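Chain lettering (A, B, C, D and E) follows the sequence in which the chains are written, and residue indices restart at 1 in each chain.
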Amino acid sequence: MEVHIRKSRLQGVGLSPGDVGAPAKDAAPHAPPRMRVLGYGEDGCFELDTTNVNDALVRIGEKSVTWIQVIGISEISFIRELGQRMNIHPLALEDVATTWGRAKLQDYGGQLFVVGKSAIVDPADPPRLSIEQVSLVVGANYVVSFQETESTLFEPVESRILDPQRVIRKRNTGYLLYALLDMLVDHLLASIDAIEEDIIKLEDSILDGNCQLELSSIYRHKRAVIMLSRIAAPMQELAKRIETLDSDLVPDTLDYYFRDLADHATRAAERIEHARIVLQSLQEYYHIEGDHRNNDVMRVLTVIASIFIPMTFVVGVYGMNFNTSHAWNMPELNYPYGYPMVMGAMALYAVVMYVYFKRKKWI
Amino acid sequence: MEVHIRKSRLQGVGLSPGDVGAPAKDAAPHAPPRMRVLGYGEDGCFELDTTNVNDALVRIGEKSVTWIQVIGISEISFIRELGQRMNIHPLALEDVATTWGRAKLQDYGGQLFVVGKSAIVDPADPPRLSIEQVSLVVGANYVVSFQETESTLFEPVESRILDPQRVIRKRNTGYLLYALLDMLVDHLLASIDAIEEDIIKLEDSILDGNCQLELSSIYRHKRAVIMLSRIAAPMQELAKRIETLDSDLVPDTLDYYFRDLADHATRAAERIEHARIVLQSLQEYYHIEGDHRNNDVMRVLTVIASIFIPMTFVVGVYGMNFNTSHAWNMPELNYPYGYPMVMGAMALYAVVMYVYFKRKKWI
Amino acid sequence: MEVHIRKSRLQGVGLSPGDVGAPAKDAAPHAPPRMRVLGYGEDGCFELDTTNVNDALVRIGEKSVTWIQVIGISEISFIRELGQRMNIHPLALEDVATTWGRAKLQDYGGQLFVVGKSAIVDPADPPRLSIEQVSLVVGANYVVSFQETESTLFEPVESRILDPQRVIRKRNTGYLLYALLDMLVDHLLASIDAIEEDIIKLEDSILDGNCQLELSSIYRHKRAVIMLSRIAAPMQELAKRIETLDSDLVPDTLDYYFRDLADHATRAAERIEHARIVLQSLQEYYHIEGDHRNNDVMRVLTVIASIFIPMTFVVGVYGMNFNTSHAWNMPELNYPYGYPMVMGAMALYAVVMYVYFKRKKWI
Amino acid sequence: MEVHIRKSRLQGVGLSPGDVGAPAKDAAPHAPPRMRVLGYGEDGCFELDTTNVNDALVRIGEKSVTWIQVIGISEISFIRELGQRMNIHPLALEDVATTWGRAKLQDYGGQLFVVGKSAIVDPADPPRLSIEQVSLVVGANYVVSFQETESTLFEPVESRILDPQRVIRKRNTGYLLYALLDMLVDHLLASIDAIEEDIIKLEDSILDGNCQLELSSIYRHKRAVIMLSRIAAPMQELAKRIETLDSDLVPDTLDYYFRDLADHATRAAERIEHARIVLQSLQEYYHIEGDHRNNDVMRVLTVIASIFIPMTFVVGVYGMNFNTSHAWNMPELNYPYGYPMVMGAMALYAVVMYVYFKRKKWI
Amino acid sequence: MEVHIRKSRLQGVGLSPGDVGAPAKDAAPHAPPRMRVLGYGEDGCFELDTTNVNDALVRIGEKSVTWIQVIGISEISFIRELGQRMNIHPLALEDVATTWGRAKLQDYGGQLFVVGKSAIVDPADPPRLSIEQVSLVVGANYVVSFQETESTLFEPVESRILDPQRVIRKRNTGYLLYALLDMLVDHLLASIDAIEEDIIKLEDSILDGNCQLELSSIYRHKRAVIMLSRIAAPMQELAKRIETLDSDLVPDTLDYYFRDLADHATRAAERIEHARIVLQSLQEYYHIEGDHRNNDVMRVLTVIASIFIPMTFVVGVYGMNFNTSHAWNMPELNYPYGYPMVMGAMALYAVVMYVYFKRKKWI
């Protein structure tokens, strides 16, 4: 699985709070922001796609809950207008426009501001993992969600809203908040699933001894897991804080749901930590196993060299061209059994060394 | 010991809460769910095996405690029916049907919902370690337990119930909850026992220098220990939360029992952590010891090569075929004592090198 | 990026509290301290640059907020005079004069004393990272800031003050405190940005196999990250403490701002920790990958040596000069097919070894 | 120092609480349990050795404090009888009989149940470290202590009791509890002392370069330290809990003593952690130092081989037997200065290589 | 810097609380204890050096504060006498006499008992780091300090007391306690300074590639840092506990001072942790860099051996002495261009190998 991080860093230090920074230069040119408005209640629902802030806002209050999805956050003036019209706190607006934030909850009196993060697996080949940030502004009868790009992230929630039979129709904005955050955690769990499957494949491959290209794969998965771990812990904290929040927007009747959400986020955090530990173990295995194989290689080299290099020296001796007419110069060359004696001595040496290495368990 | 994880991942992201997901595709076809009902009290007990929800539920209340064991959770409609009939909260039902959860406790008013996890050693050859999840729904006069598969997990509790002499007969559902969780912790401790025994064998083998196949064994045991550690910590937390729970279902008179349970779970967690540390130490030992042996190998190679390669060069010199009729061309060849002089010089070199390496402690 | 730490250790142990230590011997000769005074309020603002303490202090109270920037803290007598005139606690003054402190908050009754730290990236080539400490004394209608050297650290705040349209004009000294600390955290985040970019470049380069000079680069970045981590955690703690501080200088209306500040500091701390983990992972990758390549090298050496060293021995044998007139001395030399037989035997050996190594996956 | 763990695992999963498990099969046949009874008060003391439960129990109350030492816990019926007679809670009795527990405190109304653990150094050659568990049942006028085997663990307390001058004579059972636990902590500290001394010896030996047999010694000490760390932390927790315990058995006047005990246990835990870190550091040193030495070995091999292997090739060239009557075949052999020229060229090569390696700091 | 630990372990296990143990056998024979008495107040001060307990004690109360420095704690009877006369709790006296304790605070009613620890750098060549323990007993109008040996530790405090202008003259015993503890923390910070300087030198040396003797230096510094870390954390805890202590001896007016002390101790702890992390990083760098250099060495060896060993085999072939009168025996020897052909083939081989290794980036 490839890991993909959508970058859009805020440019410039020293903006006053509430200033919505210009998007980073390296951000791809996003499509202009558009809004998808869903109003619903026990008495029915409506859908509306628009790019006009006013068109969207006038529909608030028509049904018991209005959900405004803002897709695309790169157009500053648009965000600023919407923020002013909906009375969103400048600090919240700053967080909407920056995508490198962490999950957070801020209760601005009548408005809850929530930042959630998730990871989405794009089933391409190879599959890609990308990090999504969703900002949510929750009021008494509206929820505004901000996403960077088009995605199918919230489609299941939409279809539940559109189905008159589903329980979500009868619930308030706090339940919608739960449903959207639950979706984020579900996607996080699905990403971990994908990574765990990859890890099992890596494990099988490495334990079988096929260590060719796996190290960078381990590294890439570790990288992904590190990134996910930065998402999971704040999400968990967020869910716990919502559960204990004293606000009319999240009534106590939703406590079971947010507790369940916190529980799922905890599970996600634990599985990520688990994946991290397994990958670390696997990397250690790979490392030590590699060293161990290398030792085998060295032993083969040493055994062969230790046996043959001295013997090559010996045969070199008898290849010298000293004048054998002098009695002291290599008289062995003229012995009738010189050759078999030398060969026998060398064979003996080879056998001794072989036994020695065998005893040392080098062969 | 082999480690075996029974997989059955929940399929699909975006189910509404309470939706019981379809079982994963790779889940083995389980047998249809069946129920084993045990009712007991001071006045006697009854047993019933059935697959019909109604047959089981009508028996609740007959004796002071009714324990319904549900074996097999793959049939969604069955779980859903039971859940509706017994008023189990949809979120709890969702947790029953997913087997990758973590130990948890949720007090739904008159009903306690508990998820426990354990590890069971199957005494095959080689023994296998598998992870079990048991969900428990505890009411005033009933306990429903959900298990994935047939197992002997709760047999000792059953036999204690069937024995009129045992104290369990006089106790309420809270005590049965304790007995079942205690069983899970006991199995966890037994699994750790098995792993600790394996570790001692590994240690003996590695410290004796038999490093052949042990690295992957260390890895597999680390893997098992990591998995167990994910079970033990939440079980410990669970036991502590039940102890301090303010619910009529778990009266204060059971506090000693749940405190003891928490203590055992802590012990389990500590022993797992201990096993993890020992395995890590052992792996480091294996690694460093391997490097150390390799150094011995390299030293042998270096000593032999450093002595014989230069000498082979020397004998090669005197094996050259320069025309010795020219006075400058290898006059040594015609010296009467050329050969002994060269051999002596080389012997001297060999001795010097030997002493040098001896001093450096390379031999 | 190069990392640069401005050193100026306090000399001498055993000063009584409040003693302002002499600057360290190795501190560069700083310019004499100067003050830049900005007074502002809804009714206008004034600027003043002076080196005379009295000139600065008489302006306090003229406008609703007076901000005195002290640039240069090396002249002890100056710091001491200012401290006495403004009633700064001796312990606070000691902290102003030492630059190796950590972020802290102390409420001295009517005066808040805050030490903040940041890291600034100097966009030289290569860019340099330097650590800055800023001490702040906050009263009802004044803020005194102490910096070691000239820097553009607070320029954006100055220009916001000078712009009559900006909200800062209407706010009190607590808001100015927020604005200055926010600037420090923004610079910290910008430093992390720079490091993260470097890490991505390092990653690309190492995963592509260009491992030449990267190890010391990894080390230098780890060093920088370790240093930043010492800054971020106390800044986070500081922001949280100000938020919960019960002081008239920081009214509850500023809570959102300081909470946001704490949130940004947390984000900084998390990103630093993340960078540390990634660098550690990268270093491990570099290490193991290096070992792995080395194993390839060793295998090539071993294969070639194992094939050719024994064969060189064989040809050495037939290069010996034994007197072949004796029947036992190398009769092979006179065989009509001696040469092809020997060459064939060696070719066979080479093929066998090649197949053997191929099977072992060494080639 | 050798490390010895006395094993006696509880057999069987699924005992009901209070069941005293049969001892493990591999437990050595212990001697039958015996009791040593010491009664004391300001008015005198008595001693009694018996194996009869009744004989011991009737003496309770005779003096202000009666201390019953039970030595040997392998005879289940004995433990069960004593437990029933003294009204010990079944869960406590279960803990008495299992020796793999952790330090714990349970207040059963009028009875305190305490499990303490220690490590004892047996001054054999080599000294052995063994783990001891002591269970204590504390009532208003009696203390029952359970030990697995005969040991001199509590001898100093006995002799203090027998000495009429000592303050212990005037104190109640809470003070005796303190005295016994203090003994356990003292033995723990003495064990750490022994390990620290061994570590200093190991350090000296390894830093001096004598790396022969030390790795397994490091491993064994790490193992011992890991084991001790499992003892110290719960003992510390135990002491703190007794200090804050609201029980008549441990009056507030003993608070200084139990605080001191907790302080000593903390010290023990810190020293163990310290020993662990030092051993880990030492192992890393051993590892890296070994690698470093190996690099020296490799450099020697490489330098020698790089100089002599090419030169051996050259002399091999001039040892070929080409027919020099053809003008193109090795005319050098007939040059009048062929030999000195070749030797000179090789000497030049050797010098160049030597300088090159010298520059690279390989020699 | 060398690290020196002054050892004097308490002998014997099982002393009753308050027993002052005999000093360890390996303790150097200390000088007999002496006392230095300083009385001071706003109305003047006096000095007295004595070895007589009575002489010292009668002076208490003469001035508002009397500070008795006890130097030398090896004479048990002396400590015991002083303890009884001053009503020091036996447990406190036990801690005075043992020098391996940890920083602690105990409020014995009208007396505070404080144990502080510090590290002192002795500016020898090489400088030595030694650990000091100071026990302090603080009453309403006296402070008794116990030190093992003569040292200049508290000289700055003495000279401040002797100077009538200094603020210490007007303060009570709580302030003296602060001044003494501040001195300990200052020495701790100075020790860290010295270590940090050493680390920077080590870093420069290792990053420049001079890896000769540095590994054991890294080890020794790690050892020192580990030791310091055991001092800093309890000192920090101690300062925080004094700040929040509810005792007349430490009035609230001193809170700023003890908070500042706690802050400095925190800074010390953070810098020690920082030093530990940097040393660990540096050791990893050293390790990996060493491996990397080794890989370079191996590559040189492999390239040279891979080129020349096969060629040496070839020339060996043509050095064989087969009888070339048989047509099949080395007819190449008689080819008119045999020699240039063979040499050309080998040159081609060498070039091919060179290009191959170049491509593989081995050269």
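Here is the rule we use: contacts are C-beta pairs under 8 Å (C-beta built on N, C-alpha and C of every residue); 3 or more make two chains touch, one makes a residue touch a chain.
Just so it is clear, the model here is predicted, and its values are computed rather than measured.
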Chains in simultaneous contact with chain A and chain E: C
Intersection of contact partners for chain B and chain C: A
For chain C paired with chain D, centre-to-centre distance based on mean C-alpha positions, whole Å: 40
CA centroid of chain A to CA centroid of chain C, Å: 25
Multi-partner residues of chain C (at least 2 other chains): 287, 291, 294, 298, 301, 305, 309, 312, 316, 319-321, 330
Chain-level touch network, classified as line, ring, star, complete or other: ring
Order in which chains appear around the ring, chain A first, chain B after it: A, B, D, E, C
Chain E contact footprint on chain C (complex, rising order): 9, 13-17, 89, 91, 100-102, 104, 106, 108, 209, 211, 215-216, 219, 222-223, 226-227, 230, 283, 286-287, 290-291, 293-294, 297-298, 300-301, 304-305, 308-309, 311-312, 315-316, 318-321, 324, 330, 332-340, 342-343
In the complex, chain B residues that touch chain D: 155-157, 160, 166-168, 179, 182-183, 186-187, 189-190, 193, 207, 256-257, 259-260, 263, 266-267, 270, 274, 277-278, 281-282, 284-285, 287-289, 291-292, 294-295, 298-299, 301-302, 305-306, 309-310, 312-313, 316-317, 319-323, 326-330, 361-362
